[in-house]
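Inspection log for the structure reproduced underneath, given as structure tokens.
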Amino acid sequence: MIFGSGIIRGMFVTLKNFATSYFRKPDEGGLFTVEYPEKRIPLKERFRSFPFLVYDGTPENLRCTACDICARECPPKCIYVVRAADQDGRPLRRPAAFTIDYSVCMNCGMCEEVCPFDSIFMDHEFEIASQDRYRELVYTLTKLLKSNEYFNNIRPRDAQAVDKKRREAEEKKKLAAAQAAKPKLDEPPKPV
Amino acid sequence: MNISEIKSKIESALPGVSVKIVSQSLLVEKPGNLTRVVRYLKDSPEFRMDYLASVTGADYLDYLESVYHLYSMAKKTGPIVLRVRVRRDEPKIPSLARIYRGAEFQEREAYDLFGILYENHPDLRRLFLWEGFEGFPLRKDYLQEDSEILEAEDIQWLEEHGIPIPEDIRKQAHELKQQGLRALAQKPTKESGV
Amino acid sequence: MEYLDQLFVFAKRLMLDLLARFLPDWIVLVASMVISIVAILIFAPLTMMYLTLLERKVVGRIQNRIGPNRVGKFGLLQPIADGIKMLTKEDIVPFQADPVLHFLAPVIIVMPALLIFAVIPFGRGMTAVDLNIGILYFIAVSSISTIAIFMASWGSRNKFSLLGGMRTVAQMISYEVPMVLSVVPVILVAETLSTNAIIEAQSAGWFVWTPWGLAGFLIFFLCAVAECNRSPFDIPEAESEIVAGFHTEYSGIKFALFYMAEFISVFAVSALAVTLFLGGWKGPWLPSWLWFLLKAYALIGVMFWFRGTLPRFRVDQLMGLAWKFLLPLALINIFVVGFWYFSPGLWKWVGSLGILGPSFWIFTKLNRSYVPENRVYRLAEDENNETVGA
Amino acid sequence: MDEKTVTVQDTNPMDTETLEVNFGPQHPSTHGVFRMNIVLDGETIVSVKPVMGYLHRNHEQIAENLTYAAVMPYTDRLDYFNSMANNFGYALAVEKLARIEVPERAQYIRVIMAELTRLVNHVSVIGFLLNDLGAFFTPVLYAFREREKILDIFEAISGSRMMCNYFRFGGVKRDVSDADLEQIRKIVQKFPAFLDEFEALLTKNEILCMRCQNVGVLPPDLAVNASITGPVLRASGVNYDIRKVDRYSIYERFSFRIPLGDKGDVYDRYYVRILEMRESVKILEQALKGIRPGEFIHPKSTSFLKLPRNFKPPVGEAYGRVESPKGELGYYLVSDGTPQPWRYHVRSPSLINLTVLEDLCVGHKVADAIIILGSIDIILGELDR
């Protein structure tokens, strides 16, 4: 083996890559740069960035019941939930405030996993950079709420599964309610 | 080889050493005997435990513990788990760094975070935290500083650099300093160990 | 054709003719110098600016990237943007640094790089100063940059800089020796030290097509790469080891000057290699200056190609390569050229190759640490072991 | 001056001093915020003292204040180059602690993910090593070209490119679709060709050989004694791979071999990694052939997913270890029967492999210290924790 042959062989590898970068496809030795702001790689459906809250129809009709489970299970503790109350101070099944500090959030998706009401999901929006860490990155309820249609749009498979589950649960509930309501009228009360 | 056989082998080979079985591991009753046990396990042809996989501490409120996981690379067996318990106020355990080089950083780490003093360690300094750090953060009674309350020194520093501090925060820090405390918040302690 | 070839020469003559109508002779003489100097002062930084872009583009393509393409079409305005950035950046002088040395070093380092341009024959009749000791001048001037680099490293008061400076001095002085010796065969054959005359001597054929020319060219080119601190000989500014070597503590325009000096000397040494071995501006069909630039840029392209491919030498290996490998080869090459000069016909070829080939082989054998060892790797399975060589 | 006044002492050897240089915490090739306190005699190293802790987050204390499930995303942040391997080790330890079974498909998915991670790690480590050697980013970018493809797969499967958070106790978070498996098959098929190209660029390169061979030789007995694991250990010729020794998960079903080095120098560490990638490709091929439809998580474990606070492993302790690309990654867990671990310890290979740094570096040049560090392959997230 002549001294220097390894170097020359290596130089041909780079020369080949130099040449192929002009005409090959990205996965065959061509350019693999995606010029980001103009071109984008399509996001994968399961891609998760930051959590958001889903509402059905109108923003008042939100699914969250302020059960606080996501806030408790959040590993970096970036979710703050305050339960709403009526005039008498009795707690309502909706949040008065729901705040997520996106600057603390670590995109793990635990909140989505533990939510029992299919309310919180991971978004696809990742371009949230801003100048002010406190004012811009602390997301309040109004900024977090997004419609179910949006959810269906970004993650169709997951959203449809959730919708189906919710519909079934709804129907079951109706059926149960109907059955529970029926006997009172028709059947005579059982002897005690 | 199950754990009780290992125990009886150690005890018969090393007179005066007593070990106890604690949840599939061997508790060396006297910390001073640790090096003898380890040397035996390393050198005896039956065990050939030449690889010290892990050294770590643990705090069980009543005592501190040092746990060793020994494997044999030569015979591909293991692990034998050794543990040593010491009093919290006098946590002295003989170092294994002279027997296994691999213990060097791990013992420094355990010293750093638990305050276990490994005797005869070649270079027992803090590993991750800086020299002069107060306390041992992985002990269960370690009091965490509350990041929301500024210390008096911090305030002084900030003001020297021209950063205005609200009056109430300055007062709060000052009061804490008067009481001889740093800015501290009580961390909830757990009730029981293993 | 003739007109295109002599475009710049005619332009200068036209200007001088105009001046001569109104002004005395000595002013015309001065004006002649000024025109050449201005041309060089415009050409050199412009070359440097676009060489940076070219390098980033070439290395980018080698790495399957696009390279800079945001400022202007194909990134053509990138060097200007970089220049503005460099000019507007804060100039930082380290605490307790030697301010005089720290300030002077970048100024001094640009000067030899620019001075070299005086003897480069850009085309037929396009040498700024046709010195009869052109080559000697080149070697003398280019070695000045060592001093500037050492000033920078010493003046910075930084340990990384100091290490870089020590490496530079060692490297530059070592590589000067085989570089000069590799030029000697050319001088012997051409019987002159003037750059123009050397090109004229290559009318029959470029020196690189002879055995001694090829060997000399390779030695000269490797040494030239080392003189410019380019990869794989870039140990004075080895980023992964000593951060940025001698210019660790430089920012803004001073840093830009170091950068400029590096790229200008890249062009200068390539131009000299072209002059000495590749027939200078000689070539068919195209204008002479275009030929010259094409050849020079091809060599610069090879330097970028090196940069995109090769890891760096270690400091002792680098020195070893100069003293134990290139230097003896260059000495033997001088002997070979004598043999070539005095032997007839085919004997030239057989004899030269017969000396150069075995001596190359012997020197690789003597430098055993440079030859890769063969390794045998076991692939252990539970039952049987298999071996593979690498 | 009169000649007689010149004294004999002037011809004595030069009075030189050693130079103490801090490499890091901000340095291009310390792979993060790691500091080497190097004492130099000229260019030769006299002593090296590693200083660490700049990225210390007290991971163990964070974990001891969280539920078992909530630690999983934090393990991603240990060795952020191979989060899947970290997940694997932690899941294994908890499963050992709580005696959870893992269904077959989940085991296959885990092995596939772990081996893909190994490819990602080794290929980039070689790239970084070459960067330390002074190659101007070319090997790194070729490596990243391949790494991107695998990260795309990770993103499609787990939702994130690097912080995967994919493993769950008793399985994995989500099933892998057939399309994803097909994509993995494609990558695995093309990977050997890439390795060939990579080797053509590097393996026989004289400069690389000059720089790497016989530099930082780690003798096998020292390697074992200093608890070195992973490719660094195997490059010294010690046959110890936890995939073979513990046969955890379903590694006993695959036939693969363990490459062992010749001398234990930087070059062997480089080449052992290349050979290991080739073996990983073999495992992947077999796993992709063997994977069958089925459950991706044990039905019993699904209840913990929704209510992590109900997951209370029985009182006891467990030490789970995997062959992470860096070496033995062990998790030591002590449960007190509450939803939070009483003691959680990570045995990080990056930290322990550094024990021998000084032994390897002393007597070599500065440039060698950099490549020795690069060949040990440390990740600061795991080293400092």
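Order as written gives the chain letters A, B, C and D; numbering starts at 1 within each chain.
Going forward, a residue touches a chain if its C-beta (ideal position, glycine included) is under 8 Å from a C-beta of that chain, and two chains touch if they have at least 3 such contacts.
Owing to the predicted nature of the structure, the values given are computational and were not obtained by experimental measurement.
Common neighbours of chain A and chain B under the contact definition above: D.
Here D is the chain whose Cα centre lies closest to the centre of all protein Cα atoms. Comparing chain pairs A-D and A-C, the larger number of C-beta contacts belongs to A-D. Each chain gets one centre point, the mean of its Cα atoms, and the points for chain A and chain D are 31 Å apart. Between the CA-based centres of chain B and chain C the separation comes to 59 Å, rounded to the whole angstrom. Per-chain Cα centroids separate chain A from chain C by 57 Å. Inter-chain centre distance (chain B to chain D, centres taken as mean C-alpha positions): 25 Å.
Annotation for chain C: residues touching 2 or more other chains are 62-65, 308-310, 370-372.
Among the residues of chain A, those in touch with two or more other chains are 3, 6-7, 10, 13-14, 17, 32. Multi-chain contact residues of chain D (touching two or more other chains): 138, 142, 145, 201, 203-209. By the definition of touch given earlier, these chain pairs are in contact: A-C, A-D, B-D, C-D.
By the touch criterion given at the top, residues 3-7, 9-10, 12-14, 17, 27, 32, 41, 44-48, 72-75, 106-110, 113-114, 116, 122 of chain A touch chain D in their complex.
Across the interface of their complex, chain D is touched by residues 59, 62-65, 159-160, 162-163, 166-167, 231-232, 234-235, 238-243, 307-317, 369-373, 375-382, 386, 388, 390 of chain C.
Residues 52-53, 56, 58, 60-61, 64, 222, 224-228, 238, 240, 245, 315-317, 319, 321, 328, 330, 332, 334-336, 338, 342-343, 345, 347, 351-352, 354-356, 384-385 of chain D are the ones touching chain B in the complex.
Against chain C, the residues of chain D that register as touching in their complex are 19, 21, 27-29, 40, 42-43, 130-138, 141-142, 145, 201, 203-211, 213-214, 237, 239, 244, 255, 257-263, 267-268, 271-272, 275, 279, 365-368, 370. Looking at the complex, you find that chain A touches chain C at residues 2-3, 6-7, 10-11, 13-15, 17-18, 20-22, 29-33, 35.
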